[in-house]
Every structure is written in C-alpha cells, then in structure tokens.
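For reference, chains read A, B, C and D in written order, and residue numbers begin at 1 within each chain.
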Amino acid sequence: MRALLGAIERIRSEVCALHAELTRNGLVVWTAGNVSGRVPGHELMVIKPSGVSYDDLRPELMVVTDLFGTPASGEWGNPALAPSSDTAAHAYVYRHMPEVGGVVHTHSTYATAWAARGEPIPCVLTMMGDEFGGEIPVGPFALIGDDSIGQGIVATLQSSTSPAVLMKNHGPFTIGKDARAAVKAAVMCEEVAKTVHVSRQLGEPAAIDPALIDALYARYQNVYGQ
Amino acid sequence: MRALLGAIERIRSEVCALHAELTRNGLVVWTAGNVSGRVPGHELMVIKPSGVSYDDLRPELMVVTDLFGTPASGEWGNPALAPSSDTAAHAYVYRHMPEVGGVVHTHSTYATAWAARGEPIPCVLTMMGDEFGGEIPVGPFALIGDDSIGQGIVATLQSSTSPAVLMKNHGPFTIGKDARAAVKAAVMCEEVAKTVHVSRQLGEPAAIDPALIDALYARYQNVYGQ
Amino acid sequence: MRALLGAIERIRSEVCALHAELTRNGLVVWTAGNVSGRVPGHELMVIKPSGVSYDDLRPELMVVTDLFGTPASGEWGNPALAPSSDTAAHAYVYRHMPEVGGVVHTHSTYATAWAARGEPIPCVLTMMGDEFGGEIPVGPFALIGDDSIGQGIVATLQSSTSPAVLMKNHGPFTIGKDARAAVKAAVMCEEVAKTVHVSRQLGEPAAIDPALIDALYARYQNVYGQ
Amino acid sequence: MRALLGAIERIRSEVCALHAELTRNGLVVWTAGNVSGRVPGHELMVIKPSGVSYDDLRPELMVVTDLFGTPASGEWGNPALAPSSDTAAHAYVYRHMPEVGGVVHTHSTYATAWAARGEPIPCVLTMMGDEFGGEIPVGPFALIGDDSIGQGIVATLQSSTSPAVLMKNHGPFTIGKDARAAVKAAVMCEEVAKTVHVSRQLGEPAAIDPALIDALYARYQNVYGQ
C-alpha cells in the first residue's frame, strides 16, 4: 500500500512535469493536449484534469483513474476535478496494449495538417527511420464519447512500428514505454511532420530503401543513448 | 457604487493581464491587437489604451468607456490616455450583443491571411467542430472611423455559431461570455487558421459530415472542462 | 558641449536597447542586423559595432561616427571597435534624408524572401495601408563597399510613402523619425511580408481600392496613438 | 600536461555552452543535434554525450575521444557516458580536414527539407554569398555505423567554399575553425535554407552573377567583424 502511494506520487509528478514539454516544444495551445502515465503493476493511470491551464498544473491536481477512465475513489487524494475529456481513449490503450506505459495526445499543427488530409507521413528522413521505423500511419475518423477513438488508435498502432498515429481530422496520439517516451514520440512526430511537409512543398522527397529503414530502426532501438 | 468600483477594478486587472496571452501565443506584434471586457450590469466597458506597448500595460492604464466608446468621466480614475483606435467596433458589439462580455481584435498571421483572400476557414478539424461549430466566416471590408466595422462583425456573428469573424483584408475579431473566453477564441482561431492552411498546402483536407460537426459542437459546449 | 555629450549618451542607450527588439521579434539571427540613430542637431550618428553578439551589446560599445561613417575621434569615448559593415548605407541615408532620425537593416526571413524574387509586397491589408500607405517597394541590387546601397535606398524611398525598402537579393532597410520608429517599421515590414506571403500561398488576396488605402494612411499617420 | 588539461577544460566548457545556441536558434528538438570541438595541438576532440537532454549538459559530461571516436582513457576525467552516436562522423572530419576545429550536426527543419529532396540551396542572397560563397551542396546518402557519413561530408566540403553540407535524407553538418564558427554556420545554414525556401514558394528567386558572389565572399571573409 505504501509502495502504491509512492508510485502514484511519482507518476503524478512525472505526468505533471511532462506537460511543460508540450508547451516548450510548441505542441499545444491553451489546454488542447494531455499526457497520461500508467501506474506500473496496478490497474490505474494518471492523467491531466480537463480544461485546466498548463500554468496551473500541479502534481496533486493530476487525476488517478482506473483503466476504464473512472476516477479512483478518494483514498488516493484525487482532486475534485474531472479527468481530461480524452481519458477514455488513453484508458482503452492501456487496457489493450500492456507494454504501453504512457500516452500523449496533442493537436500539434503539422501532424494535424496531415491528419486533416488523412495522409500518412512517408519515411523520407533517417531520423524517421530511427524513431518510427517507417511511415506514421493514419487512424480512422472517430467521434469522442465512446471507445471509437481508442479502438482506432490500437488497431492502427498494433500493425505498425510507429509509436504515433494520426487520427483522421483530429490529431496525433503517441505511446511509449513510459510517459516520457510518449512525449518524445509526440515531439519527434511533429518535427518530422513539419520537415516532410516543408520538403514536399517544393518537390518530391527522395525515397529511402525500406531495407535501409529497417536497418536504421533496428540500430536506433538497440544502440542509441546511454 | 462601491460594487461598481470593485467591478471596474476587477475587469481592468483581467483585461490588462489577458494582453499577455496575446503576446505569449504570438497573435500580435508591436501594439497591433487589443482586448476589452464589459463591466457586468453597467453600460460600461474597459479597453486597452491606444498605441501603448504591451510591456507597459498596467491595470490602471486600461480605459473605461461607455458603450459608445466615449471615455467615462474622471470618477473612475481614467488615465489621460485615448482608448484603442478600435474602440468603436468593440462598443458596437457590446451594444448589439448583450450576451457578449469580452471582445478581442488581432491581426494574427494565418487568420489575417484567410481574411486577405476573403475566404472562410472550412471546418475540417474536430477541434474546429468543438470550438466553432462550423466554418469561421468572413465579414465585409469596412473602413475604421464609424460603425462599419462593428456592423460587419455583428451581422456576421449573429448568423453563425462561430465566436470568430475574419474581417476582409483586415483580421479577426472574436467574442466570448467574458474577456478570457474571447481571448481563447482568438488563440484557437489562429491555431485552426494555421493548421487548415498547412493542410491545404499539399492537397484538400477531408470534409467532416455537418451532422458530426453539430454533434462535436453540442458536446463540447456542454461537457468540456470542470 | 555638455548637451552634445548628453545627447550621445541618450542615443547610445536607445540604439543599444532597440537591438533587443530585433531579437525579440525574430528579425535577426547571430549578428545579422543593425540599428542606428542620428544625434539630433549634429552631423553625427550612433550605430552597432561590427560582428558583436546582441547579448554582448552595451551602450558604451555603440560607435559614434560622422555622416560619412567615419568613427568620431576619441572625445566621445568611442570603443576600439569598428562600426557595422553596413555603416556606409546608414550614413548615406542620414546625409540625403534630413527628416530621418533612425535606420534599421535586417535580413528578416519573409521580407528577404520577397527581396530575393525582386517583388514588391502588394498592399492587401488594412494594417499595410495604415503603416506603409501602399506597397513595400524593391530597391536595386547593390554591392557593399561604396555608396551603391545607400543610393538605392534613398532613390526608392523618396518616391514612396513606405518607410521600408526591400533591397534586391539582400533584405529590408527601414527608416523612421527616430531609431524606435525605424525598428517599428522593420517589425511591421516582416509581419506584413509574412502575412501576404501566407495569404498568396493559397490564392490571390483581394485588392484594396487605392483611394481607401490613401484614407487609411492619412488617418493612421494623424490620429493613431496618444 | 597541465596545458593539455587546461585546453580540455576550455574546450569542454565551450562545447557544452554552444549547445544552448542550438536550442536558442531552434535548430534541434529533444536530443537531436550535437557540437564537437578539436583540442588544438592534440589528437583529441570533445563531443556531447549520447541521448542526454540539452538542459542536463554540464562541461564535465562532455566526452573526450581520440580522432577515431574512442573515448580517451580515464586520465581526462571522462564521464561514464557514451559519446554522441554521430561521433564517428565528427572524428572522420577532424582526421581529414586539419584546418577544422569544430563540427556541428543538426536536423534543422528547412535544411533537412532540402536534404530530403537531395537538392542544393542556390545562392540567391547576399548573405549566402558572404557566408557560403555559393550554393550549399548535398552529400551522399550514407548509413550510420561506419565511416560512410564522414567520407561523404569530407568529399563534399573539400570541393566547395561552403562550411555546410546537406547529407541526403539526413540533415546538415557544418564545420568551422572552431566550435563557435561551426555553430554560426549551422545557424546561418538554417536561416538561408528557410529564406530561400520561402522565396521559391511564390516564384523563382533572381540569380546573382557568380562573379558578384565571389566578390561578396572574398570581402566578408577578410573584412567583416572586429
């Protein structure tokens, strides 16, 4: 029990702090984006409260819910705040992708522009090969309010190496082994969305041989970093 | 009387502080944008002084005027500053739209680019459905100096769910139940203006069924936030 | 003499501080832009030293020169620094346009992009009518090293209401009654260069009747501000 | 020996601090860019550790390696961190271009967009003439993991006046007499990549006579600055 309380406190701090990366990297305006994290080993997740400004976020305002998005009862000191309106989508991902420890949703400009056309981002950059292992795929149009968005995310990501999916007419969702990795995927998704957009404005980017993309991806996932 | 003084002090602080959101969100350069707020229950409004840098704004420099834009007499401690050159347009809105408590005007880049072509922004993003309930409409070309701008704003917004209008060759005006809501509309207007612009640069965004836009709008206006 | 020393100290402070507006408004990278100011009533000007980072500027590092760009002798406490490599162009403007009290040169992105095509920016925004009174004109291609750039600036601006000229393949130069006004013109020049660029990417902006542009310009130059 | 330790300490401080210029100038997101510097007079270089956030960099975390990219033995107080995954490319440059004292690699948006098309940036700006002396060339597609990238950089730069090369589908590498000069080249490379991109979006930039480009380059390399 004390271990669980400690884990919740740690995930609350991490999820809260990571929202600052969304603003710093220009991925969100006003309150239009959210980060969540799974509480490892428990059927719980932590997510941003709905409609609260990024400046006003504090760890104790992060909402603890079960994996159906229902706020956990008071024992975790939940604030009197509703969780993000996107909570159902996050929760669906955690229920169906046990390897996922973090989920991020934004409407970052360039990724959302590809999503509005319903067009995947082709893998024409070595950094895309490294991070995404191929194109960034498009998920179906889905209305908020039930599990449609979550189902679209999971169905698309389970058949892809990409940790990012562009939900049609909506925007990107990204996943990671923890919340920080999902935020990194959101940052890289917008960066490659912008770079490939800019490149295509003046002509067609050169394709990269799929075998070389596979080589880049395998190396980066295994070798990069400390 | 004391209540009115308190209300004016509160609106002055709010209107002053909200100008920082215009700069933070990159909606304005130099002095080219302004926020106003109605003093609830009185025939008064509070607006930015003309030509003063955002860095130099302080609550007591905000100008109190009647709803024809005439600075209120000295009893409210008005500064010796003329109100924004756009005051007549703000005042016209308050006179003709009693539900409006805040008005914002900017020349934010992407919204103004649509305005220069006189082209409404099509609703191809779920976030546009949420916030605007459809396209962002264009108002007529109108010269500053009389009620032409105010008339164009009101005529356009009264037949739309959108809280934003793109005045032709000029720029966006936004409204809200209070000044903060009008600023949020200005931020979201620029964000969707940019995203839809970027999307259309490489093809045609996918349309969203109008019935689904209505569903998004109804839900967001009633459910979102705390 | 004391009055002159005071005037130089004041212009040095002003010119130094205004460089921060260039960086804040994203008009310059590294050391690629400069501000100068005339010392009123004297055949002297104050300008940025060459190749010094904006972070390292201090008032006493600003170089005092005569109106041919020659650093004034030591009595004004000149630093042991060469003046900006663009000094000759600034000096030429002061010699030939006595009403000018400030000059700014940048390579701001969008203005320079129009300059690279040698294409004037059409007046399709009311804010352009206000500030520029018409299109922003293009000056000739000119090499650095003699009076060619200065001659091109003066010849172009003397036949225009615009305080900004786009020197071909080079970038904008702006003028004003003082250094601050020239900086404002540089900021507004980049803003309208970007907005009109963005607008034209998806179609042709609507023209504004030249008589209405004249009306906007006359009003703004006489009425705006305090 | 004491002199060498002092030199390493100085280069570590310089290389560390210069990473802040990458973020300040918007050239990098997350950890996707790196700076290195040669230790003058020794077969050693200093480079960013792999996968460490820019916020967390401190001089003592910079990794000292030999000119084959192998971390130097403990006597220089090396951190227990692997050097950047791009170390082999930096090292190859130092081995084959003795005049180079600094190398920078980024994936800055506009330069990388040109690289994705495999298209050199034409010299249509006087500031490009000054800094690059002509077009910014494209290097071959090369996989990370051996000397392919380094060979592509050196082969391309040795036949060009440009201190920047756009590695195909990858991004820019820049060189300089020291790390600061290489960072300046990276900043200017992105700036001209963006400006020429924007200019070409609405038409063809005007060409500059190659003889005039040579004149600009010769003057700038010899006269500019203090």
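Quick notes
In the analysis below, a residue touches a chain if its C-beta (ideal position, glycine included) is under 8 Å from a C-beta of that chain, and two chains touch if they have at least 3 such contacts.
Note that the structure is predicted; figures quoted are calculated from it, not measured.
Looking at which positions face the partner, chain A and chain D present mostly different ones, since fewer than half of the interface numbers are shared.
Using the average of C-alpha coordinates as each chain's centre, A ends up farthest from chain C. Chain D has its Cα centroid 45 Å from the Cα centroid of chain B.
For this pair, chain B with chain C, the centres built from the Cα atoms lie 32 Å apart.
In chain B, the positions touching at least two other chains are 201. Annotation, chain-chain contacts: A-B, A-D, B-C, C-D (touch as defined at the top). On the side of chain D, the complex with chain C involves touching residues 25, 124-127, 184, 187-188, 191, 194-196, 198-199, 201-206, 208, 212, 215-216, 219, 223-226.
By the touch criterion stated above, chain A contacts chain B in their complex at residues 29-30, 32, 49-52, 81-82, 85, 107, 109-110, 112-114, 116-119, 141, 143-145, 168-171, 197, 200-201.
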